[in-house]
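For reference, the structures are reproduced in the following blocks.
Each of the next two complexes has subunit A plus one more chain, namely subunit B in the first and subunit C in the second.
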Partner chain A sequence: MSGRAEQSNRSGQPKRSGEVPALALRGVTAGYERRAPVVRDVTLSIAEGEAVALLGPSGCGKSTLARVAALLHRPYAGTVTIGGETARGWRHRAPREQRTAVGVVFQQPRMSADPKLTLGALLTEPLRACGRGVEARRLGAELAREVGLDEELLGRRPHEVSDGQLQRACLARALVLRPRVLVCDEMTGMLDASTTAALVAVVERYRWRSGAALLAVGHDRGLLRRWCDRTLDFESAGGMTDSGSGGLRLRRAKDRPLKGAEHARTPRPPDTTTPAS
Partner chain B sequence: MSALLSVTGLSVRFRMRQGRHIHAVTEVSFDLAAGECLALVGESGCGKSVLAAALLGLLPGNAQVRGAALLPQGPDLLSADETTMAKAVRGRQVGLVPQSPAAHLTPVRTVRAQLEETVRELTGVRRAEARTAALEAAERAAFPADHLDRHPHQLSGGLAQRAATALALVGDAPLLIADEPTTGLDRDLVEHTVDELRRHAEDGRGLLMITHDLAAAERIADRVAVMYAGRVVEIASAADFFGPPGPRHPYARGLLNALPEREFTPIPGNPPELGALPDGCAFAPRCTRVAKACRTDTPALVEGTACHFPLERTAPAGAGAGATAGMTGPRVGGGGPR
Partner chain C sequence: MAGPQATQAAEATQATGAPWASRSGAVPHRPGRRALRVGVSAGVMAIVLAAVLLVPLLIPADPQDVRLDEKLQAPSWEHPFGTDRLGRDLLLRCVYGLRVSLLVGLVAALVATVLGTAIGAAAGALGGRADRLMMRLVDVFSAVPHLLLGIFIVAMFRPGVWPVVLSVGLTHWLSTARIVRAEVLSLRSRPYIDAAISGGASRTRVAVRHLVPGVLPQAVLAGVLMVPHAIWHESALSFLGLGIPAHQPSLGSLTEAARGSLLAGDWWPTLFPGLFIIIPTLAIAGLAGAWRERLNPRRRSELML
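Let's turn to the complex of A and B:
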C-alpha cells in the first residue's frame, strides 16, 4: 500500500516541477480507532498559490484529513509537510512556526468561538497567543474591515451576532497570522448564498495578495468547482490518491475559478432599467 | 381555493433592556394552500425562524406579537393560549421539522421510545398498539426499523433528520413547518430530505419550508417568499423566481446572483440591525437602484414585490403570465421535484 502511495507521489509531483508544495500529505492514515481508521494512505499535494477542493459526502473522512493537514490531529501513519518542512508535532506540540503557517476555518462558528470573548478579542487571539498582543488593536481593525465586519460589532460577544457575522470573525482569526496555507472545512455550510460569496471573495483576495494555498473541504460541488483550481473526489474512506496531474478521481474545475480580487470588486452590471428618481 | 394557513399582518417585536425593541418580523402576510409548498428564504438573522416560532407559539416571554394566523378549523395561532397550543395545535394541527434534529431529539432515549411516546400522546392509543403505530410512523418517514433502538448520537445526520420527520408526521397535522431542515447535510441528503418533505405535502398537507438553501427551495417549492430585515420583500411562483423572468426585488435578484452557479457575487454591505432599522426601505443602503423615495417611504408589498423600483421581468409573454396569479395557489400540475 505504501509502495503505491510513494509511487503515485513520485510520478505525480506538482505540475510546476521544481517547486516545493505549500502543503503535502504523504500516505496519511488517520482516524479515531487504530483498527478502523477513517482515512487510509492518502497522498495529496498543493502547490504554492493553488486552491484544491476536497469533495465528499458526510462521514467520508474529509474533515479528519483537513484536521491532519492543519496539524490538529495526529495521523497513525504518513507525513505532512508544510512549505517543504515535515511536521514535527501535532496540536499544541507543533512548533509555533509550523502551527501558525496554517489557518483553519471550521463549519460551525458557534462551536469554534469562545462565547466569553468579544469578536474583537476573538479575531486577535492568535496574536496574543504568539506574544504579539501589542499589534492586536491595529491588525484587528484592519482585518475586521477586510472581512466586512462593522467596527461596532467588535465589542459584541458571539451570542449577539448572526452566524454569518461570527463566521466572518472566525475567518479573520484564521488570517490574522498571515498563514501560507488556509484550510476551510465546510466554511460556508451554514451560510446563505450572499454571505458565502462574500467570504469566498475575502479568502480569494487574501490569497491573491499573499500567494497562500487553499485546501477547501466540503460537499457543495457547484461551489467548490467555481472556487478552486482543481477538485478531488473523496469517494470513500481512504480511497483517494492524488496524482497531481490527472489521476482517476481528480477532476479539473470546469468553471473559471474566481480570480483574486478583480472579481469581487467588479461592480454588478447595471440593470436593464434605471429608476426614475 | 381555501387557504390552509392564512397569515395577515404578522409582526413580532422583542422588548429589550433600556426600552429598546428588536423588530424581528414586520407586517408579514401570506396564504398557504393545501398541497402547496412555500419556501421562505433569506439571509441568516432576517427573521425567518422567529416567524416559525411565532406560528408555533414558541416565542420567549419578551416577545410582542401582532396580526393573525388562521387555520381553517382551529384557533388563531398567534393569540391562542399555551394550553390550547400544547393540547390542540402543536403536533396535531401544525407539525415541526426542526433545525439540527440531532439536538432536537432527547439524547438519552431511543428513537423507538420517543416515537411511541409521541404516538401515545397524540393519538391516545394504548401501549401495545403504540408499538405498531410507531413502526408505521417510522416507515412513513423511511426511517429503517433496525435503527429504532438506537440513541440519537448513534444516528447519522440523515437518519436523525428522518427520525425528526417521523415525529412531526405522527399527529397527521395538515400543516408542516420545516425550519432549516437541511442545514449541515450533504447535497444528496438535502435532496433526499426535501423530496420526502415534498411528498408529505402531496397528499393535501401544506408545507412551509424555511431555508437559506436556494437550491433546495428550487427543487421542491411551488412559491418562494424572500425575507429581508423582517419583511417579506418578494413572493413569487418558484418557476418565475428561478426561471428566466427572475426575481423583481433587487435584494432577491442579488441573493440569487450570489449562487456559485450564477454570478457568485455577494450583495455589498451587511443586513441592517433589527434593533435599528433605517427609515424607508431596509435594503436601500445596499441597493444599486436606490432613489430618494427609498430612504423615506417603506414600500408596500404590491403584486408580490415590496420595492419602489422593481426590476422588469425579462420573460416573453406567456411565460410570465402566472407571475402575479402565483399568489393564489400551487402550480398547476405542480408535481414532484424538478
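Let's turn to the complex of A and C:
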C-alpha cells in the first residue's frame, strides 16, 4: 500500500519520496463556473510507467480532470506537475515541451479531427507544429503501420473513413511526439470491441517500449480494470449527496492484482516495490 | 454586340427552360425554380462579363466621342440605347460604366473581405480582452452611417477609381468581421483545437492552419454577396459626384447626368444605366444565394444588397 503514489485528497506529498511521478495533480479544483466547480481538491499522482484508470458516472468531472492533466483546461486552484516540472501556464501559455509531454486521445474522433486535413496530414500535424516537418513522412508511415492504418487511407479525409479508423489516426497523432504521459479520455467509448482491443494493444505496445504513464478515463469498468494497474472511482455526484465532504473527491478503489497476460504489461520502475527511504 | 438587357434575360430564360411552360401544370417544385434562378443568373453574368471584357477590345469606338448633331436621340438601330446630351452613344457608355463599376465592386469587396476576415479571425482566436476591444471598435464603426464615412474617405483624395475602392472597402468589412468571428468562436471550442494545442501548435498556427480554413467558405460567400452592395455603393458615390471623375463613364454618373433630361420626357438616358446597375447585381446575388443554399440548406437565402 505504501508503495502507491496515489493519495486521497488533502494529504499532501506522495508518501514515497525520491521518485518523480510522471504526472501529479495536487489540490486541483476545476470546472466551468467558479462558484460550482466540477472537480474539487483532487490529488492524484501517476508513477513512471504506471497505468491509472479514472472511473465514474458521466458528468462527474473525470473528463475535466483529464483536460486539466493535459494542460488544456485551467483549474481554479491546484498544480499539475509533469515529469517533476510544475506547469506554469495552460493551453497556449504552457511551454511547448510541457504541452507535448502529454498526449491526448479524445472520445469522439469526428470532433477531434480537423475535417479539412487528410489522415496523413492529421497524424503528422504535431510534428509540423513543432518544426519537425522533415520527419513527417517517415514517422507518419511508421506510425500508420503501427496503429493499423492502410497506406491508402492516409490520403482520405475524416468524413471518408469510419470512426474506428479515425480514432486510430487520432491515437497515432497523440503518439507521434513520443509523450511521457498518455491521457485517453474515453478513447474507446464509441468503438466496437475488436477496434477497442486493437487500440488498447497499440497503447500498451507504446508504453512497453517507452515506459510512458497512462491516465485512462472511462466508465467501462471491465475494460479499465483489465487494462490499468490501478482504478480510481469518482464518488457519485457530490455536493448534494455528500455535502459533508465538500463535493467530489477521489476515492481509492480496491487494489487489484493484475490477472491474465492478454496485454503486454509495462515493467514497473525498479524502485516501486522497494520504498527509497 | 449586346442587345437590350430585357432581351438578354429572356434569352437566358429560354435557354434553361421557359418559366411559363410549367405554369399549365401544378406549382413548379422548388429545385426546378432554383435551377432556373441559377441558370438565368449565370447566363446574365456570362453576357455581362463578355460585354465588359470584349467590347473595349473589339469595338474601337470611343465612349467619349461627342457628336452634338446627334444629341438626345431615342433608341434606334444605330444607337440601341440612344444618345445623351452630348450625342455620345449610351450603349457604349453603359458598357464602359459597368466595367468601372464591376472593377470597383470586385476589388472593394475583396478589400472588405480580407480586412473583415483578418480582424474577425484575430478577435475570435485571441478572445478575452482583445476580442472585446476589437468588437467594440466594430460597433463604433457601425454606429456611423457607412455612406457618410465613405464620403469622408473619398473627400480626402483626388477623384479616381482607387479612392472609391478604398472608401467602399474600408466601410464594409464590419459584417464580414462579425460573421467570421462568430464562426471562429464556434470552431475554437472543438476538441480538434485542443488536440492541436496539445500537439504543440502556436496561436498563429492554430489560427492559420485550423481556424481560417474552417471559416473560409463563409468568408468567401460574404465577399461575393458584398460585390453587388459595393457596386451600388460606387454608383451612389458617383451619383453624388464624389466618386469616379465626371468625364469617365460610370453607372452612377450616367444616371446623375441624365436626371435633367428625364423631366423633358427623355426616358432612355436614365433607364438603361439604371438597368445596368440592377440586372448584373441581381445576377451576382442570385448566384451567391444559390451557393449559400448549398452551403447551408436549412437557412433560406435572401438577397443581401
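Please note the rule applied: the second predicted complex is superposed on the first by the 218 of 277 C-alpha atoms of A that agree within 3 Å, B and C clash if a C-alpha of one lies under 4 Å from a C-alpha of the other, contacts with A are read in each partner's own complex, and residues count from 1 in each chain.
FYI, a contact is a pair of C-beta atoms (placed from the backbone, for glycine too) under 8 Å apart; a residue touches a chain by one contact, two chains touch by 3 or more.
Keep in mind that what you see is a predicted model, and the values were worked out from it rather than measured.
When the shared chain is aligned, subunit B comes close enough to touch A:Gly59, but subunit C does not. Once the two complexes are laid over each other on the shared chain, residue contacts for A:Gly148 go to subunit B alone; subunit C is not touched. Judged by the touch definition given at the top, the superposed model places A:Phe234 against neither subunit B nor subunit C. Counting the residues of subunit A that each partner touches, subunit B and subunit C differ, and the larger count belongs to B. Looking at the shared chain after the overlay, A:Gly222 reaches subunit B, while subunit C stays out of its contact range. Contact with neither subunit B nor subunit C is seen for A:Tyr206 once the two complexes are overlaid on the shared chain. Of the two partner chains, subunit C is the only one touched by A:Thr100; subunit B is not. Within the complex, the subunit A residues that touch subunit C are 67, 70-72, 91-92, 96, 99-100, 102-104, 106, 108, 111-116, 125-126, 129-130, 170, 173-174, 176-177.
The part of subunit A that touches subunit B in the complex is made up of residues 57-59, 107, 148, 150, 162-165, 189-198, 200-201, 219-223, 225-227, 258, 263-264, 266, 268, 270-277. Across the interface of their complex, subunit A is touched by residues 190-192, 194-203, 205-206, 209-210, 213-214 of subunit C. Interface of subunit B with subunit A (complex): residues 41-45, 156-158, 183-189, 212, 214-215, 250, 254-261, 263-267, 270-271, 288-293, 308-309, 311-312, 314.
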